[in-house]
């Protein structure tokens, strides 16, 4: 078993605010991240897949195809967008880094299976100082 | 003469759109950067000052004081904000990286003069792949 | 289960020398790292916690609170300090990166449990080229 | 158990082409990576070993000795070389990042065992955007 | 005057050898860089242009157009190529980083002038530890 | 004229304290940087030389020779040392980043002249967030 990781990125706006809460409660819990006029980040996304190298190519998956999959399924949907307003697969999701990473996993896992490999990890950087890793649910 | 640089950062939302233009014209010129619901970046700011080291301290300026100045005058105004809507010193400014760098110069130059040094350069990264440098106007 | 990582840093002096050994033996084993007048590093610390995202916040833990915990419990104790002389929780510890990482784990694990998450990994960079990871002892 | 990682690097030429295939087939599968006059990369290699810190040194292994082992066994063989033509331990291996990582594991594992530790992971970056991790075969 | 920099990259093979010299002389001067079967690098290219921001756009040049120019004129010619054999604009040029930077300047300067700005600097990284900057000849 | 930069590094201990001042005054001016038991940094040093590429080699200077010069004259003197106590060329120098950069310029300029090039800039990073540049005195 070998693990292959591809890095992509997207730049997006968001805010952290629970719509069921008052502005005061949101400010108390989320601080400046709840700024009502949004803020934003340069997100870095690392997608790790695992599998056996194909003896004819030496590849787990073709990196070019993996990159195209990630760009079409994820980056095109998120890049230069508002994560709270513009993204169908994040509708009704509070766009914390944790929740965005889980949503990206759910979007990418089937396509990677089709390519003959298994999604192993979604690692999502919100800033240089904060990142989240998700390895799927134990029921999969 | 020695040059000293301090790096700070802020995360902000913005969009690039000329309010005098139609949506179509803005889309044509600014592309996805004109997304009406905003997008955002992790900005990195490098402030370079120049001067002679003080013989008693070996410092051009006290780095701690320079950092506090930048954080108070710039980062507190821009961090977790919307550059088009929330920032008094960017009112009526189209927030391209070029224009934001010039505005930051104008905010910081007087305070740095008060500290006994001279502002030399504002370098502002919008992404890892794009940055702008401004060295002041020739009339200063 | 989602994993969240926060990066912090501290700058410290240390030397590697076993007090039970002669200078020659220390020089032979630790080389230039045993320089009697110390040397130092910019350490980078990555603290990874794991848990389930809270449905109301999307957070495993509040990143701001995690950052404050790490800064108060670890960085304030180690930053601009001598790891051999100045740090109560490193008393009688030979400050190899391995041993410092284990000591940081022991300091942070209880506070993270109090926040409702579980400490998963301490990753400590001594230089860009060397780092250590500790995942706790198997008896915990 | 503590994990220690050492980073080294090498610069090499290679091409990806299956010698049993036509030029057209290689171009179709490997694209520009099959350029017949080669291309190249700055590879970054992360070697992770695991073990218990020695009570006398605080070390899992002596980092200096680990670095010398990696440089002698791997970097001297690969640096400023052609991975398809110049490297005995890659003879008849299609030099995908996956296959090179596996070959480096096989070269390094015995020497690390001799040092009293266990090889845990070979992580090999081909570019900033692509890397591979190998943790050994399950039969070891 | 504001300075805008765009970063692009390419991966290429090359060797350093003066065709007028013997293999021994080349080995003596260029060392391992003269390996006859080539080696390679991940090159990073920083192109800096200068000009006045356009009042309607806030841009010195449209970054998208600058990126397309660099990719078409430079990266497509150099990426996954052999700098000694495959590149028309490097024919008969010894592909040291210095010479490649000068050649890239000559390729890009006219197109940037057409965009209404002035090329200021070509900065080319061969590795993380070595880079070259060229600001044009004084006769331009 | 082309500019060539080589990056090297060293890890050192220091403290900032004016020996003519009381502990209280040093604490007031230098804060935690005056810790009496030292602290330390991973310094990164960028040495930029300028000259015309040699037509036979394409080089301003041989990078290998430049690297050996910097390592012998600077890094061997500073690496794993105490900048206040262990370095002859820093005797009686308050080791601020500014003063260390000037001292490194004075050490390296003659050797670089001997190699047929001109020292252009010493850039010294104390941390990722702070660096100093020195371009020599105007009297040279």
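As written, the chains take the letters A, B, C, D, E and F, and residue 1 is the first residue of each chain.
Everything below uses one rule, namely that contacts are C-beta pairs under 8 Å (C-beta built on N, C-alpha and C of every residue); 3 or more make two chains touch, one makes a residue touch a chain.
None of the values given here were measured: they were computed from a predicted structure.
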| item | value |
| --- | --- |
| Shared chain contacts [chain C and chain E, defined touch] | D, F |
| Superposing rotation of chain B relative to chain F, computed on C-alpha atoms, to nearest 5° | 120 |
| Contact-pair overlap exceeding half with C-D, pair selected from D-E, A-C or A-B | A-C |
| Selected pair, greater C-beta contact count between B-E and D-E | D-E |
| Most distant chain from chain D by Cα centroid | B |
| Interchain centroid distance [CA atoms averaged], chain A/chain F, Å | 42 |
| Between chain C and chain F, centroid-to-centroid distance (C-alpha), Å | 29 |
| Rounded Å distance, chain D centre to chain F centre (Cα mean) | 34 |
| Chain E residues counted as touching two or more neighbouring chains | 128 |
| Chain C partner contacts - residues on chain D that touch it in the complex | 1-8, 48, 53, 56-60, 62-64 |
| In the complex with chain C, residue positions of chain A that touch it | 16, 18, 20-21, 29-31, 93-99, 101-102, 128-135, 138 |
| Residue ranges of chain E in contact with chain D within the complex | 9, 11-14, 32-33, 35, 37-42, 79-82, 85-86, 127-128 |
